[in-house]
Amino acid sequence: MTQHLGRFLDDLDRDIRASADWGKVADYIPELGGIDPAQFGIAVALADGQLLTAGQAGQPFSIQSVSKVFALACVLGRIGEQLWLRVGREPSGDRFDSILLLEQEKGRPRNPFINAGALVVTDELLTGRSPKQALSEVIGFLRTAAGDDDIHIDKAVAESEAAHGHRNAALAHYLRSFGNLRNPPDHVTGTYFHQCAIEMSCIQLARAGRVIAGLDCAPNLLSRVKQRRINALMMTCGQYDGSGNFAFRVGLPAKSGVGGGLLVIAPGRASIAIWSPGLDGWGNSQAGTLAAEKLAEFTGWSVFG
Amino acid sequence: MTQHLGRFLDDLDRDIRASADWGKVADYIPELGGIDPAQFGIAVALADGQLLTAGQAGQPFSIQSVSKVFALACVLGRIGEQLWLRVGREPSGDRFDSILLLEQEKGRPRNPFINAGALVVTDELLTGRSPKQALSEVIGFLRTAAGDDDIHIDKAVAESEAAHGHRNAALAHYLRSFGNLRNPPDHVTGTYFHQCAIEMSCIQLARAGRVIAGLDCAPNLLSRVKQRRINALMMTCGQYDGSGNFAFRVGLPAKSGVGGGLLVIAPGRASIAIWSPGLDGWGNSQAGTLAAEKLAEFTGWSVFG
Amino acid sequence: MTQHLGRFLDDLDRDIRASADWGKVADYIPELGGIDPAQFGIAVALADGQLLTAGQAGQPFSIQSVSKVFALACVLGRIGEQLWLRVGREPSGDRFDSILLLEQEKGRPRNPFINAGALVVTDELLTGRSPKQALSEVIGFLRTAAGDDDIHIDKAVAESEAAHGHRNAALAHYLRSFGNLRNPPDHVTGTYFHQCAIEMSCIQLARAGRVIAGLDCAPNLLSRVKQRRINALMMTCGQYDGSGNFAFRVGLPAKSGVGGGLLVIAPGRASIAIWSPGLDGWGNSQAGTLAAEKLAEFTGWSVFG
Amino acid sequence: MTQHLGRFLDDLDRDIRASADWGKVADYIPELGGIDPAQFGIAVALADGQLLTAGQAGQPFSIQSVSKVFALACVLGRIGEQLWLRVGREPSGDRFDSILLLEQEKGRPRNPFINAGALVVTDELLTGRSPKQALSEVIGFLRTAAGDDDIHIDKAVAESEAAHGHRNAALAHYLRSFGNLRNPPDHVTGTYFHQCAIEMSCIQLARAGRVIAGLDCAPNLLSRVKQRRINALMMTCGQYDGSGNFAFRVGLPAKSGVGGGLLVIAPGRASIAIWSPGLDGWGNSQAGTLAAEKLAEFTGWSVFG
């Protein structure tokens, strides 16, 4: 199997590169807008500890919203079920940065993976901690999970996010106006922008994802129940308003980021990190989604049988 | 395992009956409104052909929206991918009978399990067929899948739905106004009301669901790919605006009906039918959801590891 | 003044015809879609009984939604304030046939001039009357108000509306599902389609509008209070989601129809009927709105000083 | 007439005080929340320069959103029609602080009287000016219009608004994210909060409103066309989502504030300022609206005949 999978990944890398349709890179900050969309990398961490890679698997990229999975893991580890008093667990049926639903639901974000919900998670992270400590906690979790201390924040990206982050600032003030933010809005957005600016390679991300996949080889950072629940949220809400489509095509829980990163989980079997910076209309990696679909097809890892 | 599971189901039945909180039965038609909420049945069809039951597993009930799964299976078998030009595959983020989203999405329902989407599926069923023939196709599918010819439509329920079905009539006319209904609205709603009025017991439903679960013992009615996709849709959209919560709590694809029926799928492992007519705030069986959660916990069948 | 106004109307007719931008005719039914947009007529009924005209003032056209003003007048005369338990008095902030707001407001239309509200008014008209009697009442009101018995329904338009009226049928069923329609939906839509298909010329419409304007020369059909209130509704809701803009540009209460008709009221001073079948983006007569603006500028009839 | 009106105002004051239903004071800041709702004042400035008063007409109160009329007058005087590229002229069909519509309309507020639109007006005021200069312009306009230099900002209210103004901060950041705010969000909100904290009595406000009413006795600060247009906006959008109802009941352009102030305009005839701090469900003065209705009834000043 492993041999076949290795060959498949090489073929996949070649096929993806041969295909012309890369999508468009996120352009809301210059640091992301200047990236060449025609790039692709993949890393697959297996339950037995093996790591298979293809393409630019060692190339660091901005993980952006993929970080929301790990921030959520930290907060669930700390406060557990209480989080759900402040955030829902339902797909939003709308864009990742929608403020509309927040109004309809009186300041309780639909789920922790849309921006409004992620800001509440960050606000929880900041309880009793400085922004610096909160960020250390997330990065510490990632380093331990990946078994790799070389994971950092790209300061230029973080600063650029802050300079262009008026939509997120609006969400934070709006949450605060409903009493669903305890810390000052600019502390929360500042921390959030830095969390999103974490840089990782596919290799690092696939290794960190082993904790979410509950692989035997993973460090013990998350209870089985929490791991399952995070996967459930990734399945129903992980790709914004393209989540249903991703479940339909790929059949695996996943979380995307506007940097083109994609963490795909085959529970108990594998943690897969894919990167290709061109995005589709929902803001998810276009080539990355295609690669995930082909990998699921090849491996039969769909959770749906 | 089977022995333990049998004992667990008996305990579950006893525990559910001991618990006071049954929810409220659907009251939009007198035929459903008059049912006693304090009822419970469960049937589990396993891959090896065994069938375990507890409570009122033999009691027939109105399957209502659970029928949407089988109507979809029929249509996918007939026209395949073309359906997705007319219906989306995303959670709706709203009530099952919302007309709002239909307006925002210009007449293309978000998914085949909200009422608007199910009407489009019925409209496809009616292509080149009379309402009677279309209904025969769905019932024929159910009978073959369940290996049981004693599955029928409750005419009184169908007629009562028609008399009270102005919301669905509105949806049908609205779809037609966008050109997304080919047959006359009253043909479509008439067929749909009859499809929803199919009566089955948990035993029959669990046996029919084996096809959706892709069990080895199931008749060969659905390709592997189609089976996976239907499960994906059940996971992200099967419980209306409570789908995310159900995935979080139970971790299995499922479809609910306002008659209190619940079809839960453990892909490759089991098809589970639960019935308890009291509903929660989302319109899903309250005791049924709790039973599904406890069963998933006991068996470890969550698809999320 | 009268002499100057007569000359102004002739100049206006010439200027409008010289201008190229007529807008697009409504095309949802063939009877309206086939009309040449490059047509214009205007008639001004003054308080002293004089009638000034220019252009195609004698050409009959389908009054469509302008009829809503007179249906409302009939219903207010009959049941008075009770109507407001079933319909609101606020601008909708949305399209004339929006179903969205109806959902948000639980079946109570925002005002009597959007289609949903007009259907409720028609439903009231049908209380204790057959569709034929209800239509006779509206036409009788118009004939008396205009002092002209030659006002009729265009049957071909009414039938075409019915054949293409799925959006309105959806609204009617939706209202019924909320219990805000007493008569069968198809009776209400049938009556409504016939009411909208009334044919009148600018001359007839301007004369009928004298009652709404409260002109000294008008037959006594409406109390002062009701007349004021209808004008208030025309000002805030008469041009669908272009009402604010019309108030800003023209400063007079008015009601438009998709047939290109426009009834503009200068309370106590004049009743003005304009017709030009090309519509703007809001569904209001494009040249008609421009003509109303220029007339208000010339006469200084703006109610805003 | 004047004598009768004076007596009517005294009676009105007595009647209002005798009525028990004052509504609820705004409680989002302690400075407003602590005010006794059972207060009432009225001042009527007539075209001939007379000023009639009753009740607490000399009592200063926080004019809040009534200030939007005068800020708009300043901006229209300075940049004219260009403003409408950034703000619409349509009723919102929603709450005064809705962010929902802003999302639907891609950052262009529906009108200058909802908070989002007022922030854009303030942003225009700040073009080429410091916050202090911008505020001086508005206060200067008010002082000249009222012929009274004793009009000031209540600093405590302004600071309290700033401390509690997260909803407005969200709107400002949101506008900025769409590129529809040129100045830093906190400059704009800071200026806006001070503008809203202007303190005036009914006497001062009625005198300032003479400019909006186009009274012969008013200082010449606004062209006839601008005066008309501001009145049109007040008529269709001045009472938030209660504007249609106000037009229906009162028939005059008006602007309300959450401090309980109400400026009502009888174009060419009178400028009326009413104050009663208890609010109705739309956020408009409850006793104030009733008083306006009775005054319009007594005087026959309705613009609708």
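Chains: A, B, C and D, in written order; residue numbering restarts at 1 for each.
FYI, contacts are C-beta pairs under 8 Å (C-beta built on N, C-alpha and C of every residue); 3 or more make two chains touch, one makes a residue touch a chain.
Given the structure is predicted, the values throughout are model-derived calculations rather than measurements.
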Number of steps on the shortest touching-chain route linking chain B and chain D: 2
Looking only at C-beta pairs in contact, point me to the busier pair out of A-B and A-D. A-B
Using the average of all C-alpha atoms in each chain as its centre, how far is it in Å between chain A and chain B? 32
Separation of chain A from chain D, taking each centre as the mean of its C-alpha atoms, in whole Å: 47
So which bits of chain C are touching at least two other chains? none
Residues of chain A touching chain B in the complex: 88-94, 101, 110-111, 213-214, 224, 227-229, 231-233, 235-237, 241-245, 247-248, 251, 253, 267-268, 302-305
Show which residues of chain C lie in contact with chain B when the two form their complex. 98-100, 102-104, 166-167, 169-174, 176-177, 185
